[in-house]
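When the chains are written out, they are named A, B, C and D in that same order, and each has its own residue count from 1.
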């Protein structure tokens, strides 16, 4: 059960509602986000919802049968839009493209990518400065210094940036140099990280776990939301299966299922989802027809020279072709 | 290595080529299909291909590095078209829709479906008369008698039919009442069935195994082709993974990968691939943008009354919407 | 519901029971096996079982909540023993070893293996004469001629044989030269094959499907049993997962789960289950402690020369070590 | 390549070795652990190892073809023993049992468990004080205060404790109240956590990821080792597969494979691995025969009242039976 509280609710009114919940054996979890205040009641008993409905301080009450609550479409029917400023937003009435290299490699690489994106009206740049690597001996990214340079150049170009945060202690230093925090597939169930990202006022995109279920992804989003941050985006990036002809198995089924279950925007990452450069285009277009609100793709001026993921990275010509086809496909979907 | 033989090759010429192959430690598998004659050489040594090239009786030679040979796009670059007659064909320059009930339920069900398909210019009807069922106590289909009625009515309507063959002994009795044999996901590696289907002159559509790899699907097609039947179609229908929010995980990655590896047509079955009625539409359109040459969908006049698979079956209104959207999506793909 | 029928039941008595079942909306499936006669009632209504219990011709009635019935331990609590004759049997009070080459390779190979087995008191020899192969160009086994030679030599040595049957048409020709039919992992859901194996009076061992569930294995056994053949053995041989460090993932969880759910004997095949020669020993012993009634292992006089599966095949010395350790482990288990 | 350095190596000698490595295009990663100092050289060129071997300051050089280095058995053939003090150690010459509740629930629960363990000579108690929970609304454990009480009581009882650490900021506060840090299955690839655990002098047990590969587990151990901590234990706890008859699929294949690849001790967790109380015993014994150096099991005075995981938790009687059978099984294995 989600109880939306009125703005001017008094502490006494809130206590009374909480006491009422306890009296029917419901726990009461208080959530205050950038946008509103909620009480999340968790319990089993059925009772007459009107008993609560008449209490002062309550703006609305929703019974949500899903185990996750705040991210469920059962109470918030209208889709969430994430406003990044400067006329850039992510959500159902807009098609978002996030493009850029796997790893941020230096000023030249940043500058070249920003020019490419600007020319093609792509408003969000992706790139890693902290890289999760299986082996401790691999390149782990440029870190905060790289991020600061990137952010400065991106601001000048009017482009927003998304990059991965790997641990709690990075959140604060990154805060002033970032537009969207990305939670990577290895951290989808790093609950402490999710808790802390719930306390900030900045959009967060959560990738599905390497073999995470759709429900687990929604629960992870519930962590951030119940921590106080409603600015959430989900991302399908392929799951681990027995099939080794592709890097991962892009589970496009997840897109219509997520769009039905949650009001949050859903992005697809076909670069990781198939892992084969030549097939990123068709899988991007397939993602759009499946209902994705946007795509995230790896692009590099010379993929064969990229620090990482070159085999799934598009060059600029391929990328331009992708942007155009993707926009046409999105327009068709909207017209159907 | 695939050696295409000339039409008028003499037995002596063929023997000489075979001897030559044996002399370099290659096995020689003779294949004669409806369309041509081939020698498939399997071996490891490198040698000068020109030694073979000048031998009489040879029309062309192709080195194929894939382990499957005849189904590989490495020797036959142009896509295979399957001609069903009456102007109906399946392949890359055409978009095919196969629609109908999960199980053929009787004359009324057939008649109703045929009218629906005819009105909407869908030329191929799907339906099961032999049903593979996990439990021996479940309905197993109407069998040959049902097939005969269905075939007669479909012929009158100008519509082709595709249905599943489950065992070798059914091939011959079904032959006169069928346009395409379907090999189901539980029989993808029923090698005896594949062998026998190689001996007939009728199209065969092979579904990917329940947890079959892309390579295994190609090998299964190689069985039929090397048995003598080139009229082959492949079908992606979802794989078994840990994710239980959908019936199967429709692996759309498989579509561009298959289209690159083989010259055979590739169909997608989103009904089984996601198993949720409301999401069959987006997954159909996604399949098309991924590159599918056609889709197979379950349609019933009253899905809630269907003998089987009702939860993933469209009613006629939903189906009409699907056909239209699918055709628009296919046209967009062709225009890109 | 399983209704065990009395031996002397009259057709009229049986009809009356069937009519009674129909009157409460239960289907009635008649099953007559080598051992008994049953009516399997499938339905949903609850009713007073005593209404049936007093009808003449009924020996016993069991309510079975599982979806599979005859193979369930819910009605037949005591474990099934499969008697192969000559004092050899498979089941819970006995530890069975089945050993031999992947493929039967010829008389010398047979003779050498039989001597090795005899010397070590192993009473069942495994080996393939029909080999399911992914590629149509691979060696497919010696066929019926090989089987006849093998059978003759094995009889002389006092050893029973188990070999794979791949299709319906092989059942009858193999019948006189075989002690146990094996249904391979690619045929676990070849329902026609299972149906036909239900009609014969000879033990059948069904391997779990390549990505088959435990329930599907039980259903496949139900096919054979309901066809009339109670002489059934199940085999865990590893499932397909994302992990590629082993050939398959031997799912030893399946063993205690199967032993709880069914009265049928359960064999483990660690050779296929891990696919690495050095680790077949520990996985055999682990299988025994998990509760297996026997093990099936690949053994060859010179594994590096074996026609197939050499990398998972033991030589004779390794095999002798395995037999001894396995017997000690089994004895420990029985003593706990 | 692993270069073991002499204790008294001078900075100049080390610089010379590093320069030599750079001159052949090898990177040089310095690692100093509680036990020794190493240079890990990563590169591709073959060269004459004797060129390095004669340089002063080098104690030994090992070419390791695995991608992970320090945890590989290719250089350290003898098994690592983890000494916990008071005569308690974990490793190949010893059989370890770790038992206790899923969550530490309070003083009474601790006291009862400690008495049970002491009586049965089990020297390591498991239990969670920080619980990773899919839902943010679930019980998350007693935290540091609970740990302090537990540690005090365990010290009095002469019992060591293992508990999960979920994030970097918990490492330091936990340090004085813990014997083994456990890294949970959701944190196996939390590389920052692994890095920080590399900097402390306290044993760490890493669980395999929920769908982690064997290689990924070894890489995660390499993170900790290369950070400076050699006191490492690995744990197989089941992987996520399509099979839902068990909670996870306990991959016992992983045990002999890990024991061959690494010198680190390997523990099995059958409680999570099968998730069914009645089957924890056979899967424990199977783990031992597969080669496990110990087992971790969930035990509670009243499983049906446990805060979490009750369905897979043993009561004390069942546990006593397990300890005895496990010890007999271990003794058998050692005798073979």
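Going forward, contacts are C-beta pairs under 8 Å (C-beta built on N, C-alpha and C of every residue); 3 or more make two chains touch, one makes a residue touch a chain.
As the structure is a prediction and not an experimental result, all values here were calculated from the model.
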item	value
Label of the chain whose CA centroid is most distant from the centroid of chain C	A
Distance between chain centroids, defined by C-alpha means - chain B, chain D (Å)	50
Cα-centroid distance, chain C relative to chain D, in whole angstrom	39
Chain C, residues touching no fewer than two other chains	211, 215, 240-242, 244
Overall pattern in which the protein chains touch one another (line/ring/star/complete/other)	complete
For the chain B and chain D complex, residues of the former touching the latter	211, 240-242, 244
Touching residues (chain side chain A, partner chain B) in the complex	211, 213-215, 239, 241-246, 249-257, 260, 273-274, 276, 278-279, 282-283, 285-291, 325, 328-329, 332-333, 336
Chain B partner contacts - residues on chain C that touch it in the complex	27, 29, 40, 42, 67-68, 132-137, 166-169, 186-187, 189-195, 209-211, 215-216, 219, 222-223, 226-227, 240
